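Worksheet: one structure, shown below.
Here the chain labels run A, B, C and D in written order, and each chain numbers its own residues starting at 1.
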Amino acid sequence: MSEFVTAVESKSVSITLAKKMLEAAEAKGKELGMPFSIAIVDKAGNLKAFTAQDGAPILSIDIAQNKAFSAAAYNRATHEWYDRLKDDPPLLHGIVHTERLVIFGGGYPIHLDGECIGGIGVSGGHYTHDMKVCEAGLAVLEELKVTEA
Amino acid sequence: MSEFVTAVESKSVSITLAKKMLEAAEAKGKELGMPFSIAIVDKAGNLKAFTAQDGAPILSIDIAQNKAFSAAAYNRATHEWYDRLKDDPPLLHGIVHTERLVIFGGGYPIHLDGECIGGIGVSGGHYTHDMKVCEAGLAVLEELKVTEA
Amino acid sequence: MSEFVTAVESKSVSITLAKKMLEAAEAKGKELGMPFSIAIVDKAGNLKAFTAQDGAPILSIDIAQNKAFSAAAYNRATHEWYDRLKDDPPLLHGIVHTERLVIFGGGYPIHLDGECIGGIGVSGGHYTHDMKVCEAGLAVLEELKVTEA
Amino acid sequence: MSEFVTAVESKSVSITLAKKMLEAAEAKGKELGMPFSIAIVDKAGNLKAFTAQDGAPILSIDIAQNKAFSAAAYNRATHEWYDRLKDDPPLLHGIVHTERLVIFGGGYPIHLDGECIGGIGVSGGHYTHDMKVCEAGLAVLEELKVTEA
């Protein structure tokens, strides 16, 4: 007999963690010497923290948020999409039209103990740059583990 | 003969100032003991910096951004609208439907030397609370003046 | 110790320049014998001046504005996108879905002293025609330099 | 027996007239000393000509276009709506939510020989100012009649 489940528990990135990740990502962006927009969203894909550096392209403001949303909303890094689409023409020509879905690099889910608790999205450079900035933000989680251990 | 004006110069809030204002506003929010969404936009109304405290209502995320946008896009604090509308029925029933326009408190233009350089918007409490949080953010500009003097 | 930067200064195309560019572009359009929509946007991508010639396709009205927006919002001519996308499949299948982003010719940033101060976008013909009309508008800036010199 | 009607003829404002009206409206705006956004749309409500003076509020860009659209799309000046709504609660609370419909002054249909051929919309001041700017644009049609007579 299946148990009656009343509620589903979940964890979502706190503002404290979000800001720490944002700062680490911003520092990486400055190191790369390009102005980026950086967004952190919670588990539900809603905006939690955001900054656009001076001179970041206007288009990057929405793209960064959409990347973070895509990553959290599907629990998949945005750069992982294309390999899954490229030999599946209906998806390649279809799912790319999904509102707010970004299929190129620069968006990552935020994982804590194997659970998706949010997303980070970056835009402003080529997506290979954007990915580096995201990764610097995500490194904060690794440092937390070391500190806790 | 009038001179040919090629370009219009303007100033917009820097990310450095935006983050400093955000921090001051966040501190006020904690003092009030309620979770707020706080948005800073540039002169053109584009998002520059944003945080949503843990537990901030989902609706507050967009309202804060719309308040900041409204304030920058019309160079008017959002709480100043109602007095101008209340005895002007066509506006009271009409202009309130303008996309992204908020006509209750919690959005202020950011002024530097008398010029609008962006907007701050806060949502999460009653608008009287939201206004207090905005004002704490704007106080940073007064402190800068003292420091410069 | 780095200086605290309060505001970022920028220049945006004046209405005087925008109208002069629009007229030059319209004249080129008439020379080509096709009806065009022509849009000038400011640095933030907001519409500054626009005309649609009699008989311009209805679709061209929005496309012209989106081209001008794209050019200003990324500081890149719209015809320069495809070469950067064609060997980068995730972008080719992905970034083209960005709202308002146009990746074919007919949108140019407006540069003054090396700074992007807005954008011009044209639609109505093949994009090779649209580009010629844009270029006629941009030629106004060269003439200004000669006059100033 | 009713005749089979193959097509409906209509007239729409030409770009030549639209620009002449725009210029007259701009001159009135300068006289009033405030920066306005001014839009002319064709009979179908599509944008025909537009300018935003330097310093016009960002919100005025869309409101001016919506006023011109409202006027052409219903063949009614926007300031005529409120009197028809005020004693009809379902409309007063309902129709005002119609997308792009503006119910306060600053939008007029453009009439030629009693036929609606487009609309003019102005935003930037109080709607009483906006109406004056529209009227200056519409005066061009009266002058044309005198010239033709």
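Everything that follows uses one rule, which is that contacts are C-beta pairs under 8 Å (C-beta built on N, C-alpha and C of every residue); 3 or more make two chains touch, one makes a residue touch a chain.
Remember, predicted model here, so these are calculated numbers, not experimental data.
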item: Angle, in degrees to the nearest 5, of the Cα rotation that carries chain B onto chain D; value: 95
item: Label of the chain whose CA centroid is most distant from the centroid of chain D; value: A
item: Chain centre separation (chain A, chain C; CA means) in Å; value: 31
item: Where chain A and chain B are represented by their mean Cα positions, the distance between them in whole Å; value: 27
item: Chain A residues counted as touching two or more neighbouring chains; value: 54, 58
item: All touching chain pairs, where touch follows the definition stated at the start; value: A-B, A-C, B-C, B-D, C-D
item: Complex interface listing, chain B residues touching chain A; value: 14-15, 18-19, 46-54, 58, 61
item: Chain B residues touching chain D - in the complex, by the definition given at the top; value: 5, 8, 44-45, 70, 72-75, 89-91, 93-95, 97-99, 101
item: Complex contact set, residues of chain B against chain C; value: 4-14, 16-17, 43-46, 112, 117, 144
item: Chain D residues touching chain B - in the complex, by the definition given at the top; value: 54-55, 57-59, 62-63, 79, 81-82, 85-86, 92, 96-97, 102-105, 127
